[in-house]
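So that you can tell them apart, the chains are marked A, B, C and D in the order they are listed, and the count of residues begins at 1 in each.
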């Protein structure tokens, strides 16, 4: 494992973070750490650390495999959703988090997203949307914005050729039955993102239905952006196409 | 491989009860202490094609579930008659229902067989008995041709299998038994 | 090389896939280090770091360089390791001494330098495009011109034309011809032509176009993963 | 009973708790019977969106400590190689029933023995799997029960390899409760979600499926291979007859071994020195047994409903013994005793 553990002063790490491997190896400026911070805090607040199973996909999300001090399992490209479905159906007491990128959620694993949503699987899906495939070197993702340059769209994404970016939560909201919780948060608003993830976990614990949170995130390494333009892309460009907010909220008992 | 293995292939259109005849035959034989296997043809051919049941009955364990040449072929439609050419040999008894004779053309019936026999199972089921027991008549004919199990054996098995139904409706039991008997009779009469 | 001597040398080597950026960057860093300068070599290969500094990091450090790159063993247990930016890269300009940036290929081109805080604004920054006419995307003069224009800004071209073990004088000189002509069209200087030591006798101090020949050693042969 | 029905009953008797599946002929009735039986015995089922998902949900259920299984055929077996690979990599005791159909591609829905290579060595790994090839309904029942135990004991993915004939035909067999026969079922164990508080009573479990370095993976594969080889002699199974003085040895597996046996008996009755060898485990292959059985034979005949898939395994096992090997290869069609007899007569 991480052989050079340095003692670095880290302010406020959630209890559910695995402190042994911090600082973690996400790229500087990567949004994954922030999404996982929101998830960690939500787990802390709900006091469910020993009940959580964290399933990670392959891609940058895989780097999160030992990020949290909770049980975790590594899966295959796009297959986190069915693995977590199998676990949840076998042991409904567990709180199953399927953590993946936009490729896993909307491309190679899209059939699992669609069908898990249609069946209202009692799992929580967190899809980190950074508009590209990071781990493999910055290729086009289903979420790549029109005109955005990636290694496989060197002249910018042409929507005539490659279609429009996938709006995951909107799709999931459209096909889920009652009881589903669907939201899109952003690492630019951590308080809100944590609230969405917490509500998603609560929805799973209440057994109401699937809970799906997309998190708009950053990838300065592949965007080739400095700190300022990273945040501009996240807050201006991405939110134009991917509106932030709760999209589907189940009625609570007694309402 | 000691002892004779009887190979029976029953062919017809969907809905004629071909598979029920095959299945029942194999089950009766097994209940009577024989080894048996039943293999339906299935797959795309089954959907709209000729339905065939392959049954084997013998004293020892049955080998390959598939066979090429049958001792008894029963063909219940004109298409089935033509389809079953590939399963006959010089020792085959080829049985078809007389009602399809009009639909057959020259060369449809095999000639390289031991014997070709037509039985009036359809007519008898409609006029004398009940259309529902058509397959029992055919089963009776097969029993008469192979002698693998006796009429008593098969009645015993039917009593066991359909005992509840029969007790609710004794006429049904009688009807089934008469149909079996009628089928055997048809073969015996044709032999004379 | 034509690069102006300043108090601090800050150079970035960019180029197409397998153009020889890393090789050139290593040689440049070692040359400077031999002059008694403090040099940091930075691995900025972000696209598909299959040929990377990682496996020879230790060797280069033993030779006296400071190297900002992952060491293979640091990636044990990470699961799939494609590309992860080293955490020291954004602040690397805060280091003392010369900085040599080995920039990977990719559509970002020189934009990749955004990942190093303050690099693009730094007046000392010199961006050198490493070109090998044996690579399909930079074979002809128009291809080279188009490629370099897309990278903007660029300060100099470098002829690194070779065919590995199959290299002959012809490819080196032909590279010099095309790249010098492309440089003329672009209004840029040619920093040098590179060649392995064994060509010193036949090539001499300048190539056919009068560019200085810079004799280098190839280190990357042993550097896979 | 049909073979598919037998499989469902066997899984029930073995204590299987949950099945995941996706429709494909000729294994559908396994799901049909299981879905009829499951609610009565408090067992579960999920029909997934495809075979990839069926395989991965099975992997998940096993991680959660459930005795889970799946069944598929043909192109479904192709899709399931991905989850089978994960089961190999994570040492998940996954049981899959394969009812072979004709190929390549969708082929026929009827019958074949063309999934031998795929089932034994499919996927991007080393084939660290256990494959039982059954020949009749009794064996389908026996080996589904045994397969669960082998899988959970040794933690390699385990397959019961049937075919369309076995799936659809009816023949007699005896069902039993394993306990009555003194068969002790290995209890499943969860890998995650263990009892207790993380940090107090236990550590968090991190299950690995991917490695970043050549050397890391190399060590893992070496360890798996050593464990596989150590296990093999305890797992290998075969049947043989008349091998002691056989001049020609007939080798066949699965349902074809029945026709091969009939053929050998016919020729034995004529006084011909013909032997019969049937591997039950195709992986690990009963190497020592075959070597011994084939020791005196001057010729070998491999009979299979495929174009030499079993023959490839046989040749690998006998590579030190030099002698002619002939094949009676009938890809995707059934084989009858008289065909084998005719072929053998040309060899004797």
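Observations
To be clear about the criterion, a residue touches a chain if its C-beta (ideal position, glycine included) is under 8 Å from a C-beta of that chain, and two chains touch if they have at least 3 such contacts.
This structure is a prediction, so every number in the text was calculated from the model and none was measured.
Counted as hops between touching chains, the shortest connection from chain B to chain C is 2.
Interface comparison, C-D against B-D: more C-beta pairs in contact at B-D. If each chain is reduced to the centroid of its CA atoms, chain C and chain D end up 55 Å from each other. Centre-to-centre spacing of chain A and chain C amounts to 37 Å, using the average Cα coordinate of each chain. Rounded to whole angstrom units, the spacing between the C-alpha centres of chain A and chain D is 39. Along chain D, residues 208, 210 each make contact with two or more other chains. Each of the following residues of chain C touches two or more other chains: 75-80. Judged by the touch criterion defined above, the protein chains form a pattern that is neither an open path, a ring nor a star, and not fully connected either. Pairwise chain contacts in this structure: A-C, A-D, B-D, C-D. Residues 46-48, 73-80, 82-85, 87, 89-90, 106-108, 111-112, 114-115, 117, 120 of chain C touch chain A in their complex.
Residues 208, 210-214, 216 of chain D are the ones touching chain C in the complex. Contacts from chain D toward chain A in the complex involve residues 17-18, 20, 44, 46, 48-50, 52-53, 56-66, 68, 82-83, 85-86, 190-194, 196-199, 204-210. Looking at the complex, you find that chain B touches chain D at residues 1, 23, 26-27, 30, 35-44, 61-68.
Across the interface of their complex, chain B is touched by residues 25-26, 108-110, 136, 164-165, 168-172, 255-256, 258-259, 261-262, 265-266, 269, 334-338 of chain D.
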